[in-house]
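Two complexes are shown next, each including chain A; its partner changes from chain B in the first to chain C in the second.
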Partner chain A sequence: MDFPVFHLDLLGNRGLIATIAILHVLINHGLAVGMMPLVAAMEWYGNKKQDPRWDRLAYKILFFCFLITTTVGALTGVGIWLSVSLVNPYSIGSLIRVFFWAWFTEWLVFITEVCLILAYTLTWKKWSARGPEWKARHIKLGFALAFFSWVTMAIIVAILGFMMDPGNWLTDHSFWTGVLNPLYIPQLAFRTPLAAAMAGIISMFLILFFTGKQDAFRLEALRAVGVWTLVFAPFVLLAGWWYYTSVPEAMKDNLAVSLATMQFAEWQNKFLQIAVVTVITILLVVQVAIARPNLLPKVALVVPFVAILWMTGHFERVREFIRKPYVIGQYMYANGLRVGDYALLQRDGVLAYATYSNPLTPAEQAGLPAGLSGEQRDALLERIQKGKDVFMDTCSRCHTGHGMNSITGHLKRMFGDRPWTPELTAGYIEGMHYAQPFMPPFPGNAQELQWLGAYLEHLQNNTAPIPGAQTAGVIVNGDAAPRTATTDIRKETAAR
Partner chain B sequence: MERISKWLGARPHRPTVINLIMLSALLAIISSASLYGVIGGGAVLLAGSYFLFRVVNRTFASGDAMNFYQIALLWIPGVLAICLALVALLLVITNSAASLAYALGAFLFTAELAMLTLAGADLSPDPAPHPVAGGAI
Partner chain C sequence: MTEIPVPRDIPLPLPAPEPVLIAVLVIFFLMHIVFVNFMIGGALLTLHYELRGLKEKRYDKLAYAIASTITANKSIAVVLGIGPLLAINTIYTVYFYTANALTGAFWISIIPLVIAAFVLTYIHKYLWHQMDRVKWLHIAIAIVVCLLFLFIPLIFLTNINLMLFPEKWGTTQGFFSALALPNVFPRYAHFILACPAMTGLLMVWLFRRRSAQEIEETGFARVELMRKGYQWAFWPTSAQFLVGPLAMLTLPQVETNLHAVWAVFGIAILVSLGMAHLMFAETRRPAETIGKSFLPICALMLVVVSLMGVGRHLYREAAVTPHRELVRAKTQDYMRKVEEANRAVATKAPAEKTQ
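Take a look at the complex of A and B:
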């Protein structure tokens, strides 16, 4: 607990990461990894057939992708690492230790990819005008860009797989064991055709905007891109099954909640049925686009477009949730605490090792029981302060106070409006990981559990939002270890 | 009525597709798994064999003149339709008539059988004048 806790009490830390990461995956898979080979293939085909209509369409699609990937795509790519570093610096720290050189390589590959997409887009017209030899070179540039786009994904997928199931790395701690984790190849095998099929569906949608209504080429282009999509579709299904069967059984127990949240967990079967119907609808629309594109209403192409974005985004949510209670399988819990440190923390308490505090604001101090003496009030506030620090260090990476996935929302669902006494909530939290397998065990000691209970009881009567970032340092292991939260270095020194 | 007759007569595959849709609807209503398996399986076999016969002929007739895209354009729609029709048949046979899976399977089976018939018809020596699969080859 060497870093201050960053906290968003309305959206939640999970919401922040999910928003950025899902947006990035949709752009990365749909507009880069899958789209670049499709655009290069269009350029190649147009050149082979000496049909400039393919060339024009390919360039328009590329330019659209260029705008999105180099702005929103690049920002969200960096944004993922920035947000996860803020929210869970310990997991990122562990990953950097294992994957340092992989990340370094990925950075080089990413820079190459950026240079290539700049070159590919900006030289299109110039090189095309120079004659067939330069056109051939340009097409090669396109396929090189496609390759580097895929390599960036291939490296990052190793880290994603590792976070779900580190496999033998847990015993031998070597780089290559981490890279070749049990879920790496199945996940890469799934994401590769998914990206290609996704690019096909997005292209079919874009073709509506980049070709004329009466243009016969629109039908030809729809059919060609439809074939591209269908070539990859069976591989998405086959590799998806391989990926699913490679996921450890314990994670599959989280499937119901990961698919549809705790509130709708019993909707799992309905949800899966909707997913199957969606896949079939996508396939049917693409089949009609190939067989009779002239009969396909324009609006029908919106369906697969929206469906593939939703399904891919939801797949990411499931992947993120299913690995719980861990953020790195068997190694680190979602709260950022290592499994190996639990025995120590449960003996000494988490606050003994916490270097930052989050002092109660005046608004947060409201709502105390009436009729307390000054001394009783101070004592209660001290307990609540300690409880809040326990909450911030052990719960706030996933839960908010009153916002999304709020702790108060869960307590209200379970205990209703009766008083949330420390005995009630602490009793539940002590064994919650048995009732909810996706929750990590409580990492602190018995005293801290009571403090946390006091804080949760206070939250029932106080709806003030929890401030964003911790800025106050505390004295760790000082005499009698007082949790004197202060931003003033002189006060801290005096207290020491 | 005359217009419908003219429309059906204009392309030989149209009556076939309509017949297959009616057959599928009838099989779904009867809701006998064994009957669906035999008749439906037979229909897939027939339409699939016709498609495969035509597509193999077309592929060998064109020889080296075809590129990968053109080969994919010939093969993929029909092969996928066969696979999905078989999946649909499995859904229908293994689920009770009142279930969503049965209804989904019956709908998918009808759609895929129609797709398979179209894929075969588009490869016939006298294809429909639509912008059909393989037409550019």
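Take a look at the complex of A and C:
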């Protein structure tokens, strides 16, 4: 990493991205992509039947979605950008250079989507009052909004698919080969009905809030939305099947390693189980909603909703699973280092090309062995400092010191309480990628492996959180930083 | 002595010719910032009039009318910010990401802070009448919204300022130390003053086109409302003649000459004088002729804002260019070493096989 290293030692850097991204996906799928066609359909149905109750319900649901999507939804979308650019600037920086125009187009579509949702929500009452012609126009606006919401997802999924499997992009570096990667269509096919089913479940939940217990319309609305959900549920299963049968093709290089195969089989089984459970709970609850809507308690709707969340979460995990040990398949490892850089770095060391060093705080310097002379102490601290730099540059994108997915947790599990000597840990790390195929190979040289070992040994006795550049700042490495003559520096030098 | 870091850039070509990316950055950023001005200025003016409304009811109605504009403006402001973010990511990759990381905790807190501000803005707007009985709470919400809206730009500004000065990266420890760099506060004041000024023009536009009935409901005459808008536009703009040059003069010295930057800002000051004159004239006009100069004022404002955008970009380029040359050289040198190491490995591998 050639940027100052942002680091969260408790939540973990991936934890930050995951929290923001999961929230965003839920809102995007459940309240925008899936919900907008449902709301437009309700408005259309109410207009067709000349039943104002449908119109009122559709507006209430839309207003709720409007409030959430234009606050939490929009901002978590930006938040994914900001968090990824903090955590892995190399990967997002590379992706933006390849996908600039895809993102740019997505942005234009997104502007359209925001304008449409503003227009659709804010003109609802005015246009409806102007007569049937305007009402018809308003309904069209709703379907246009639904279409654009789907298009933004369709573009983003291309980029996500690319990260899993850059396909031919690696050889010809062209934009379209990146976009039209083999997982694109199956993934889009899975997300589309999933979003629609999610929206169905959420709106059934909202119907229970927006209609009275004795209201006959409540039953009618639950039934209709139940049918909507029921229509999409089988497609979730079908497209899910298609998606995961496409996965082995995409990760065939990884599957050459038997451990990866085992892990994949495990993932696949679990996915199948969760998908079946989800679809069954959806079917059961929707059955009740259709056949005995007056018996449906609010809490019953939480069950399929949680099941969908669980399935979505597991589904999202596969992306990570497939791409590991890479962050951009075959091009960049999860540690932010390019595959092509490894020959150089393993020869000369990672630190030889690191612009920044990550200073040890006083708390991090505690816990040294007793009885060291001043000189020994300094020498040890220097080794630990270098080891920390190796850790920050090569491990910290995924691992914390003592928090989530912590390196100390893994070492404790493997080596228990016996001393984590550099011989022990360095020996393991050197061949770790053979035993754990989702780990990138160690990118540094032999000397750095020893320094890293010294640092890990120190972490066994020092539980102080590791600060990131955002609090502790950075030290600029002297050799890596030839001085330039800006006016300030010249003046400073002259003054001396 | 301060070490100046020279990091490597990402070894992939830019996705488009640089001028295209610069155009995306400058043009869309200005559009974004105008809506941010409307949003923040709208919140400030709403609070001001709501407080006055405690004594005189019709001010409360005026506050409500302004509050109604904020939520749409804020959605447009957010969505217009994404394009420039994309462009700055590609053109200033090293600079932008470095500044982000060094102020990371505050940088990422933009997300929850903006969400909080937006949710409160919705509550403030949509529960206006329901909260009549707890007016103090309603006003408290407006105050919190204003504080959030005043603070968030400071995070952006600190970042955008820090990214220009690689020589400060080694000594920056978190947001507050970056905040202490020279020029942050004058630029911030310059930006904040623009908010009521732009919102003043928005007020004029808003009340100029409202129907007579809607105007009557506010309890003010149209001319009064428009005059208020012009006053909001005029006084902060006048203050900019002090704050603007101050922001300009506190810009840190850079190695490259800044003649073009001074020229652009100089022209902007001259155009602003003309614009301020017209604004002032409008505040004195009677009902029959008020609004006569509205379009010329908007046109001049567009010119001023564009010149500000251009001047800002020219300064950024002047500050970064010499360093960027070093980054480029270092990246090339690194890539040469990478190729050489890969070649060495490739020739070694077959040799080992044959042994």
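Convention: the second predicted complex is superposed on the first by the 431 of 496 C-alpha atoms of A that agree within 3 Å, B and C clash if a C-alpha of one lies under 4 Å from a C-alpha of the other, contacts with A are read in each partner's own complex, and residues count from 1 in each chain.
Basically, a residue touches a chain if its C-beta (ideal position, glycine included) is under 8 Å from a C-beta of that chain, and two chains touch if they have at least 3 such contacts.
Quick caveat, the model's predicted, so the values are computed rather than measured.
Report for A:Ala366: first if it touches chain B alone, second if chain C alone, otherwise both or neither.
Neither partner.
Is A:Ile280 contacted by the first partner chain B, the second partner chain C, both or neither?
first
What is the contact status of A:Leu219 with respect to chain B (first) and chain C (second): first, second, both, or neither?
first
With the two complexes superposed on chain A, say which partner A:Val302 touches: chain B (first), chain C (second), both, or neither.
After superposing on A, A:Val302 lies clear of both chain B and chain C.
After the superposition on A, what does A:Lys48 contact: first (chain B), second (chain C), both or neither?
Once the two structures are laid over each other on A, A:Lys48 reaches chain B alone.
By the touch definition at the top of the document, which applies to A:Ala136: first (chain B), second (chain C), both, or neither?
After superposing on A, A:Ala136 lies clear of both chain B and chain C.
With the two structures laid over each other on chain A, which partner does A:Ala379 touch: chain B (first), chain C (second), both, or neither?
It touches nothing on chain B or chain C.
In the superposed arrangement, which partner chain does A:Ala343 touch: chain B (first), chain C (second), both, or neither?
In the superposed model, A:Ala343 contacts chain C only, not chain B.
Determine, for the superposed model, which of the two partners chain B and chain C contacts more residues of chain A.
Result: the larger residue contact count on chain A belongs to C.
After superposition on the shared chain, which partner residues are touched by A:Ser94: those of chain B (first), chain C (second), both, or neither?
second
For chain A, which residues belong to both interfaces, chain B and chain C?
none
Okay, in this complex, where on chain A does chain B touch?
Result: residues 41, 45, 48, 216, 219-220, 223-224, 227, 230-231, 233-234, 273, 276-277, 280, 283-284, 287, 290-294 of chain A touch chain B.
Which positions of chain B touch chain A when the two form their complex?
Listed in rising order, the residues of chain B that touch chain A are 67, 69, 72-73, 76-77, 80-81, 83-84, 100, 104, 108, 111, 115, 118-119, 122, 130-133, 136.
For chain A, which residues count as touching chain C in their complex?
Chain A reaches chain C through residues 2-6, 16, 20, 67, 70-72, 74-76, 78-79, 81-83, 85-86, 89-90, 92-94, 96-101, 103-104, 107, 110-111, 114-115, 118, 122, 338, 340-341, 343-344, 347-348, 353, 355-356, 468-478, 480-489, 492-493, 496.
Which stretch or stretches of chain C touch chain A in the complex?
Residues 1-8, 10-16, 24, 71-72, 75-76, 78-83, 85-86, 89-90, 93-94, 96-98, 100-108, 110-111, 114-115, 118-119, 122, 167, 169-175, 177, 252-255, 322-323, 326, 334, 337-338, 340-342, 344-345 of chain C touch chain A in their complex.
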